[in-house]
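In order of appearance the chains are A, B, C and D, and numbering begins at 1 in each one.
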Amino acid sequence: MVCSINKTEKPTLSDPILIEGLPGIGFVANIAALHLIKELKAVKFASIFSSAFQDFAVTTGDGTARSPINELYYVKSANGGRDLIIWYGNTQALTTVGQYELVGKVLDIAQELGCKFVVSIGGFKKDEAVAVPGIYSTATDLETMQQALDLGTKVMVGHVFGIAGLSVGLAQIRELKGFSLLVDTPGMNPDVNAARYALLTLGKYLNLNVDLTNLEASGDEIKSMLESFGIVRSITEEKKKEEQQLRWFI
Amino acid sequence: MVCSINKTEKPTLSDPILIEGLPGIGFVANIAALHLIKELKAVKFASIFSSAFQDFAVTTGDGTARSPINELYYVKSANGGRDLIIWYGNTQALTTVGQYELVGKVLDIAQELGCKFVVSIGGFKKDEAVAVPGIYSTATDLETMQQALDLGTKVMVGHVFGIAGLSVGLAQIRELKGFSLLVDTPGMNPDVNAARYALLTLGKYLNLNVDLTNLEASGDEIKSMLESFGIVRSITEEKKKEEQQLRWFI
Amino acid sequence: MVCSINKTEKPTLSDPILIEGLPGIGFVANIAALHLIKELKAVKFASIFSSAFQDFAVTTGDGTARSPINELYYVKSANGGRDLIIWYGNTQALTTVGQYELVGKVLDIAQELGCKFVVSIGGFKKDEAVAVPGIYSTATDLETMQQALDLGTKVMVGHVFGIAGLSVGLAQIRELKGFSLLVDTPGMNPDVNAARYALLTLGKYLNLNVDLTNLEASGDEIKSMLESFGIVRSITEEKKKEEQQLRWFI
Amino acid sequence: MVCSINKTEKPTLSDPILIEGLPGIGFVANIAALHLIKELKAVKFASIFSSAFQDFAVTTGDGTARSPINELYYVKSANGGRDLIIWYGNTQALTTVGQYELVGKVLDIAQELGCKFVVSIGGFKKDEAVAVPGIYSTATDLETMQQALDLGTKVMVGHVFGIAGLSVGLAQIRELKGFSLLVDTPGMNPDVNAARYALLTLGKYLNLNVDLTNLEASGDEIKSMLESFGIVRSITEEKKKEEQQLRWFI
């Protein structure tokens, strides 16, 4: 089974940009992606399940089951800009191999639809919350890096773990272009303010004015999803770090 | 090898319901499934082995070896009701990937036989034993959820780990219908009383009167199987929980 | 890669018996298999490598490298008895999945050569060494169990971990016959005495008189192999046990 | 995905020798390989990515992303000697299975290009640094071992972990020839002096005079790569050792 994909539609897109928005530090990407989906009335066209997701079901308020899932949505540009593919979900994969597989499958689908550019979003852990968080970038190439810097980002120094890093890394390997937007966040809870800055920066790049009035509602939705999934970020992140050390043996 | 299946028969079934009955908390599903097999004279038609099962053999009283195994049985309805596929075994898979693979294979077989409905059974851990345990459900959809509630169950809140959750979650993904029956149990030992309530509720749904006189004997059989497999639930369950935390990293 | 097999010959064998002799508790099987290979002038016909073996090379006294490996040998019967396939090696697989894969591949090869009977050998951990160790069996079926008991063995009670258990368990699943011979051993060091009793019992079953005069030399050879592989049994076995507990979650 | 290979060229080579130069103890192989690539103006012809590499991206000084990667370079001999294939990278695989897969793929490519000889380089951990480090070898066969000894090496005693050992071990299994050069190193930091002795010995074997004037620069480059990857050798190596113990269960 490993990674199974249900496509419900094959949209025709014009030079689409893939925007990664899975749960991660501060859930910055997750809130931003959900908000884009709601505000831009994005249309779901693919569901992705991986055997590297957690083996459980989670119940919603009305008793129906919810499984670990990733989804792809598309947005046709209204203002003559580029179309979007939004990658949303309630989980990353649980293993390194599963992460590679997942990113690989999503890039396969995006490339089939003509995508040549990837933006990943993430949180950059900071000890304290700040009103105006810094935004850091890494990119597939120097030219794209300059575009990211022109948006007001700073050069990222260090590692970009998980999907946010892998998306840009594997894009580079496939000779796609793209950058990461990593926003300062204490990272303990869904960080609506960080998501706001991610969306402002992304909007600048896309020439897209996203209404942020209801962003708190998107944050609340993510928060209630997280609570239903029983995710305790603070503990697991620390464990993850130790594990990263162990897994990088030489 | 991963998952290998020996089919000894391909039964012709009428709109069959798949009933999951693997070992889990309180062994509620396991006792219930074994009892159904015995009382309904269910016929074994498939054996499933997975390389994600434990790598050992266990000896029985007479010295013959027993391996970790899953089995599928069928029951032709006597009273004009729906046929049954009973999924029984002495183990779940040891890894997340193995669990997905296992559920996927069983659903494949069930769907080939025309199955469109899945019932998973499980225990819901409670600190104390109660004479009349509560029964909780989660379902693939709202309509099926209502059917489960009409049986006297309450809405499940939280996670449904392991096979019980995955069966309903993957059924949903495959556009099958179904629900989980999760019965209160202290969960430390094979819980015959919880299995009784699972069977009563399931019987109501199936319009099936299963004789429960010999249920204690089914419980004893599970207990002696467990002892031969050296399963110490209390320890392993706690370990499992910690592991779940670790495996859900974000 | 997973499991790769180099066959150098395809022998024609008469109703051969597969004898499992990989390293395990007390190295009983390993010493016995090596001694059979030497005394019966067994001919190597296949090498098996698995990516579930350890990723290192070990140097021999003359500086040449030795890799983790399994090997199959055959013996044509001199006295009109049944031919033998001897499964020898310096390692088991490191993962459950690897163990299943390995046993599966070896049984595939053996069955292609007409094998219908499997004998696995192992140690049964006892706190103290005894002059005349007990021998315990488990078997694929009652008739074969009786044959094992007629050799003077007792009924094994409990688990048979690793290759010794899996060989008989998977043989049973494939509708082959066979039994395990598990000899009392303190298990800390290569146990020549336990191997002697394993060979005496096996010889009785096979109607085969194996000269045991040089058995100490076989034990020494295993010991020096073990030392070169840096195997510290006492520690690893304890760790293994803990791991078994963890891996059997329900 | 597991292991994916991008070949940009298929060079025609004359009896090429594969030289392994991945990060390991003291980064001896890594510095030596990078220096050879620079001094001999080696041409990159293949990139290898594995899902068993770490799932992150690392940023460089200018903000562009760098992914875990392995690369193959070739060198056409200028002086009528044998051509070279240099295997360079910033990581080994994180799992045993990944290591086997990786070595297997590289040997596949090398053999397609006519390679029949493999040299792996590594560090041999010593408690103190020495001005003139000892060099130890292991080889696929006695004749090759003698060639290695003739270069002034001593017989290696013990285990050769990871890629350095696996390269020679799997070469032997494929009936290729080759040896390991393992240089004394305290192993805590990139050890330029150890790399110097590895290159001197290798140069003697290849009849190749590599200019070592700029070796410090190669060491610095490796060091800055390591710092960007956040590799803390001392910790991870200790962890690795413990893990090796655990993984070798019997």
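We adopt the following convention: a contact is a pair of C-beta atoms (placed from the backbone, for glycine too) under 8 Å apart; a residue touches a chain by one contact, two chains touch by 3 or more.
It should be emphasised that the depicted structure is a prediction, and the values quoted were computed from it without experimental measurement.
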Chains contacting each of chain A and chain D, listed by label: none
Shared interface numbering between chain C and chain B [over half = same, under half = different]: different
Interchain centroid distance [CA atoms averaged], chain A/chain C, Å: 51
Computed distance of Cα centres, chain B from chain A, in Å: 36
Set of chain B residues in contact with two or more other chains: none
Overall pattern in which the protein chains touch one another (line/ring/star/complete/other): ring
Set of all touching chain pairs, with the criterion as stated earlier: A-B, A-D, B-C, C-D
Touching residues on chain A, where the partner in the complex is chain D: 96-97, 99-101, 104, 137-142, 145, 148-149, 155-162, 165-166, 168-170, 172-173, 180, 244-250
Residues of chain D touching chain A in the complex: 1-2, 6, 23-25, 47, 49, 51-59, 61-67, 69, 91-92, 94, 162, 228-233, 235-237, 239-240, 243
